[in-house]
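Some structures to go through are shown next.
Each of the two complexes below includes chain A, the first together with chain B, the second together with chain C.
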Partner chain A sequence: METAILQVFRYDPEKDQAPYYKEYEVPVEGTLLNALLYIKDNLDSTLTFRAFCRSEVCGSCSVKVNGKTKLACKTPMKELVETWKGKPLRIEPLNHMKVIKDLVVDIDKPIEKMKTLIPWLVPDPRVVPTDPMHESIIYPEEMEAYKDQIHCMLCFSCYSACEAVADNDRYRGPFAFSKAYRFQVDRRDIETAKEKRIRYAISGGLWSCVQCQKCIYVCPKGVKPAEDIQNLRGQAVKKGFTDKPGARKLKHFVDWIYATGQINRLYLPEEVYGNKEAREKLTKAYTEMGVEVWEVPKPTKGLMKFRDIYLEILSKEDKALDLDFSHVRKIDRMVSEIFKADICTIVDRTHEEGRSSKGLISKLKGLLGGK
Partner chain B sequence: MVELDYDIVIVGGGGAGLYAALWAAENTILKVAVITKVYPTRSHTGAAEGGINAVLTHSVGDSPEAHAYDTVKGSDFLADQDAVDIMCKMGAAVIYDIAHRGVPFSRRPDGRIAQRPFGGASFPRTCYAADKTGFYILQTLYEQCLKNNVTFFNEWFLLSIIHNGEKIEGITVWDIRNGGVHLIKTKAVILATGGHARVYWNRTSNALGNTGDGTAAALRAGLPLKDMEFIQFHPTGLAKTGILVTEGARGEGGYLRNKDGERFMKRYAPEKMELAPRDIVARAIQTEIDEGRGCGPNGDYICLDLTHLGEEKINERLPQTREHAILYEGVDPVKEPIPIAPTAHYSMGGIDADKLGRTPIKGLYAAGECACISVHGANRLGGNSLLDVLVYGRLTALEAVKYADEASETKPSAAKAKDDEKRILELMEASGKEKLADLRKELGNTMMKHFGVFREEKTMKEGLEKLMEIRERAKHVKVYDTSKKFNTDLVTVLEFLNLVDLAPTIAIPAIERKESRGAHARKDYPKRDDKNFLKHSVVKLKDDGSYELSWKPVTITKFPPEERKY
Partner chain C sequence: MVKVGFYQGCCFQGQDAHMFETMKEMFKRIDVDVVLLEETTCCGGNTIDEENRKLSYAINARNIALAEREGLDMLVSCNTCYMVIAKAKRALDTDKKLREEINLLLKEEGLEYKGTSRIYHLLDFFRDVVGYEKIRNAVKRPLKGWKVAAYYGCHVLYPKEIAVDNSDNPSSLQEILKALGAEVIDDYEGNDACCGYHSFFTDKSMTLKKLNRILGGVKKVGADIVATPCPLCFKSFDIYQTNMETPPHVPSSFLPEIMAYAFGIDKEKSGLAHHLIKVEKE
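Here is the complex of A and B:
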């Protein structure tokens, strides 16, 4: 029978001074969970891990295999052996949680963190009948909005893989945001609860996510926390929670791209972090290096058309309201002052000069499906 | 030893336990705690796939009476009809309640809860949420418990039930995480510890921990267990692992075929075909296999054919089934039939409780699969277990609240806790001739071979002898892990010892019930015998460690027994 070597992390805080790895030879048959059970039944009954349903619904048995987070009952041994081509398979407990013993970690903390984001339905009495014998009507298409998030089984794979959890202990964790977002897009959930969730999400590190997308990659159930976090951010901005650097950066991107076709690195520190000196210092530094500095980019031919297309994209993603026209007008005024003419005149002039931004427009058209 | 004091303690954090906790939390200011040996969302309710039966307000032509009749007929007339009546009438109320709390039931285009046909049902009344109904219910109930700040003691294992012969006084538990026995003083206890089909260790759809811990503790505390001989074999377990393929697969139109490609159900249940009740389909499959018409090189499985449903329907309605077939069987049901065989699935029997979930001990209740109310009789219909879980979770919670509100303080003695401490110490210090994994495998094989889909006096008697021998040898099982904290070696041994205590409670009434009824199919007595056996079996454990069998009448109200044909 084909076998493989598992190097399993062992640590009993009561007895061991430090963790160590123990090697076991297991059959390459069934799943990684089968292999762990094989060890417990036949080789070493002191090996400690969690497992229950053995059919990927209970979320007990997540571990790391050579650094990658895996649900043991969903991982065929054959696949592991093929992926790692004969190399030993190092089985370790999940990251960011205290090891209780061997592969068992303390999951109370992430559960407590999740709890702060109101991960339950707070029914709006105008939508959900209070009469228990009265059905609340939900159309199949409205359930599309949370069809992925409801698969979360609290296996904490994403929590283990998350970069933001590593950096920021307050950070609630990818799954917690997905659990929260599921109710943000449920029509039956009351508006006041939705607002609270956003507020708590922000203080729970909503803007700390670096969008590394690892959570999406490791989720055994196809939940996409990184996307849910982006959507929660969008909701935060829409609800007027714009006093966080993350929200201000998003605003800077949206407004400047609309106004000029690009972001403005000179103004970024000031608009995001309130650092007013940065612009002068950067300008000085660039000038000294002999780099030409444009305080604002010169409007190019086709800018107005670009704005139309960009707005269309934002509308399609339901983000048109993110655009702050008073800010855009301020940028326009700045451009007018620098180029001594109003924005339309400048654009017309560049038309006459024959300068073009064709590349940019065709790229945007591609995004819109060639329209 | 830590001593704790609560008013109501719920043991088990699955569907019944969580729903009980929720209804208790919302309806009382008493101190309520849930004790569970795993984290609540790991519980096996999460593996229930197909759905939950209920007659809803828009179920035109259907009625709670029809549901009750189907349930009683499915039970082969062994269910207590007063209890069935309560359960079926409460169907809509619990469905709407959990829907209002957020369970994402699949919906019809008009926005109402969708229902599908299920085995043994005369109307399509099984509400479902894709093929993960139990999973969504469990998650939603957990969310709602968090919302209500329910106190959870996760990874605590029930050891003993303490009562004074009249009323409940407390329980003892093993704190898995920290190690140590705790005594919990309480006025009321709801046991919601799930089933014990793991007694068929090698061929079951159950989770690793469905070891009847509450049922075994009740047995040891002198409580009666009812109808234990009835174990449901689910017709469609994956051939290699016994992992479940939902009845929904047949509900959506799947065919069962033998090695000749024949839809053999036409010979067993010509009208209902694949959608006959589980006991009938399981026996049909076993017969096909036994008579040499099984598929595969060893002829030891049958084919569940979904290929004609098409990829789109399979992905939409049965996504998990497809995933499991690919992962655990290496077969894509879109392209090939799934190899299946019967697998031990559900315990109809359990702790003897009345139509409100009350046991003979005041303040002690049982709900869900660990209880035998009995609403399932000799055979449970698919989709009725989730309903049972919710209805009785809720009813026992309300009963417990009412009782605990008026009950006086209890004074459990610490003796039991000291005994339990001693017992655990002894396990760790035992000489250890016997190896857990081997003995457990032997138990599973004995149960499957001697008390499987078909039963016979001679083999059963041999089986019982073996079980008693295993029970003796189990005294010498050693726990190798001697650490206090998170000792899963100890926990699995305790679980095994529970199974060992329960196995004879299945075997003894199985031998004495000389008829075939529901899931209890005897080759030597192939007919139902209402004259002699229209009664519940009751098994108790005596002080000397022997088992005592007695019988108790069935409550019949509306539906007189008739021949069961599909």
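Here is the complex of A and C:
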């Protein structure tokens, strides 16, 4: 029978001065949870871990395998052995929570953090009948908006893998934002509660998410917290919470991409942080390197049609921000001044000339040895 | 000669156009003709999704359709562009209604998203199309004695649906660096942490903490340089590092630069000579 070595984290705060790892040889069959149960039943009954349903429903058996968060009952041993190419598998408790014993962690902290985001329904009396004898109806098409989020089973896999939690203790955690978002799109929830959730989400680190997507990767139930966080950010901006750097970054993207097809990294520090020196510093650095500085991205062929598509979608869809046409006109004027023509003419001309201006090409040729 | 359409995003145009020239020159040495997809626009940087997700899908349906019009697969270097475009492709390939709705808009420009072009990131393109052997054979100046820390970045490994390698234990970057003759270090603190690029304009303190974590880990294992296939991770390491209170002065390299150097292109032309944190190693 094929076997694998598990190096399991052991720690009993009442007895041990420090954590240590103990090795166990287990059969490579079934899931990681089967392997842990095998240890408990056959090798060492003192090993402590949480596991109840054994079928991906209760969410209690999340652990780390060589640093990566896994739900033990969903992870085949064969897959682990293949991934780690026969290396020992180091089994550890989840990150960012106090260890109670061995693989069992204290989940109170993330639960308390989650509660600050009002992850429950605050009924709108105009929608939800106050008389309990009357039904509160939810139609199937309404449930589409939160059909994934309701599967969160509080396994804390995303909390353990989260890059924002790792470096910001106040950050509420991916699952908490998904739980909150679930009620933000529920018709029965009252508007005042939705507004409060956004306020609390912002103070709970909504803009600290780094969008690494690890929460989506580790979720055993297909919840996509990183995308729910994007949706919440959109709601925050739409509700007028626009005084955050992240909101100004979004505005930069929405306006510049519409206007030129590109963002403008020269102007990003200025438009987000009011930092004008950054542009001057960048310009100076590029000039010293002999690289021509592009004040604005050169509009590409097809830009006008691209704008049509952009506008068409924004006019029909729910969105965070309206296009700021005075900003767009300002960008257009900059483009016109630099390229000495109106935007439509430039777009036509771009095609004939190729992508780079002559100055840049000659400098690059110098840089690349005339090739 | 393999021909592939190159998606430039924001990292290979304007003052960064030289990065594309380096890339093109490097690819020539391994018989790949990199054709710039000129009419493409910004992918939305995973930020337009906050405005409206369908807008992000539409922008990228257009970008992919431009590659399809040329009959080419699309090669993306930036991890984030890759993820955003690959996510859009998945949505368009699985949601017929979405595809039809967006195609109706693209029609005006004479474009259509068909789903015929494959989206490659540098890493799977090197592994599956070029092959490590070809890279090894193109090396003129082996990186002998270079201790290189391998750093993937997040958006080529997560989420699983778009990952180009095994998300838990990837190997393609190490294989490429080994083919260049470098001594590869992949087991260091912070090797899987986010580079913090995307939080620089939402929560700057987060970026600096991430850099401290990763570059501190790289320094601790004694690597000479950290190499990444993502131009954004590279910018975070090289440019944002200078925003740290006490920068650890860890040099970094965008993977195509260090490849160009190993293929015999000099430091100046490979771009390695132009970093804010100097690459001293010869």
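Note that in this section the second predicted complex is superposed on the first by the 304 of 371 C-alpha atoms of A that agree within 3 Å, B and C clash if a C-alpha of one lies under 4 Å from a C-alpha of the other, contacts with A are read in each partner's own complex, and residues count from 1 in each chain.
One rule holds in what follows: a contact is a pair of C-beta atoms (placed from the backbone, for glycine too) under 8 Å apart; a residue touches a chain by one contact, two chains touch by 3 or more.
What you see is a predicted model; the values in this text were computed from it and never measured.
The larger set of touched chain A residues comes from C, when the choice is between chain B and chain C. By the touch criterion defined above, A:Glu14 reaches chain B but does not reach chain C.
By the touch criterion defined above, A:Lys214 lies against chain C but remains apart from chain B after alignment on the C-alpha atoms of chain A. Once the two complexes are laid over each other on the shared chain, residue contacts for A:Arg265 go to chain C alone; chain B is not touched. Using the contact criterion defined above for the overlaid structures, shared-chain residue A:Gly234 touches chain C, although it does not reach chain B. In the superposition on chain A, A:Met143 contacts chain B only, with no contact to chain C. After overlaying the two complexes on the shared chain, residue contacts for A:Gly59 are found with chain B alone; chain C is out of touch. No residue of chain A lies at the contact with chain B in one complex and also at the contact with chain C in the other.
Put simply, chain C touches chain A in their complex at residues 10, 13-15, 17-18, 21-22, 25, 36, 38-42, 44-55, 58-59, 62, 83, 105-106, 108-109, 154-155, 157-160, 166-169, 192-194, 196, 198-199, 201-206, 209-210, 213, 268-269, 274. Note for the complex: chain B touches chain A at residues 38-39, 41-44, 46-47, 56-58, 92-93, 96-97, 99-102, 104, 106-113, 132, 135-136, 139-140, 143-144, 146-147, 154, 177, 207-209, 241, 243-244, 320, 323-324, 327-328, 436-437, 479-481, 483-489, 492.
The touching residues of chain A, when paired with chain C in their complex, are 65-68, 83-85, 163-164, 166-168, 205, 207-214, 216-217, 224, 227, 230-231, 233-234, 237, 244-246, 248-250, 253-254, 257, 261-263, 265, 268-269, 272-273, 286, 289, 291-294, 297-298, 300-303, 305-306, 308-310, 312-314, 317-321, 354-356, 360, 364, 367-369, 371.
By the touch criterion stated above, chain A contacts chain B in their complex at residues 12-15, 30-31, 40-42, 45-46, 48-60, 74, 76, 100-101, 104, 107-108, 111, 115, 118-123, 128-129, 132-140, 143, 146, 150-154, 183, 186, 188.
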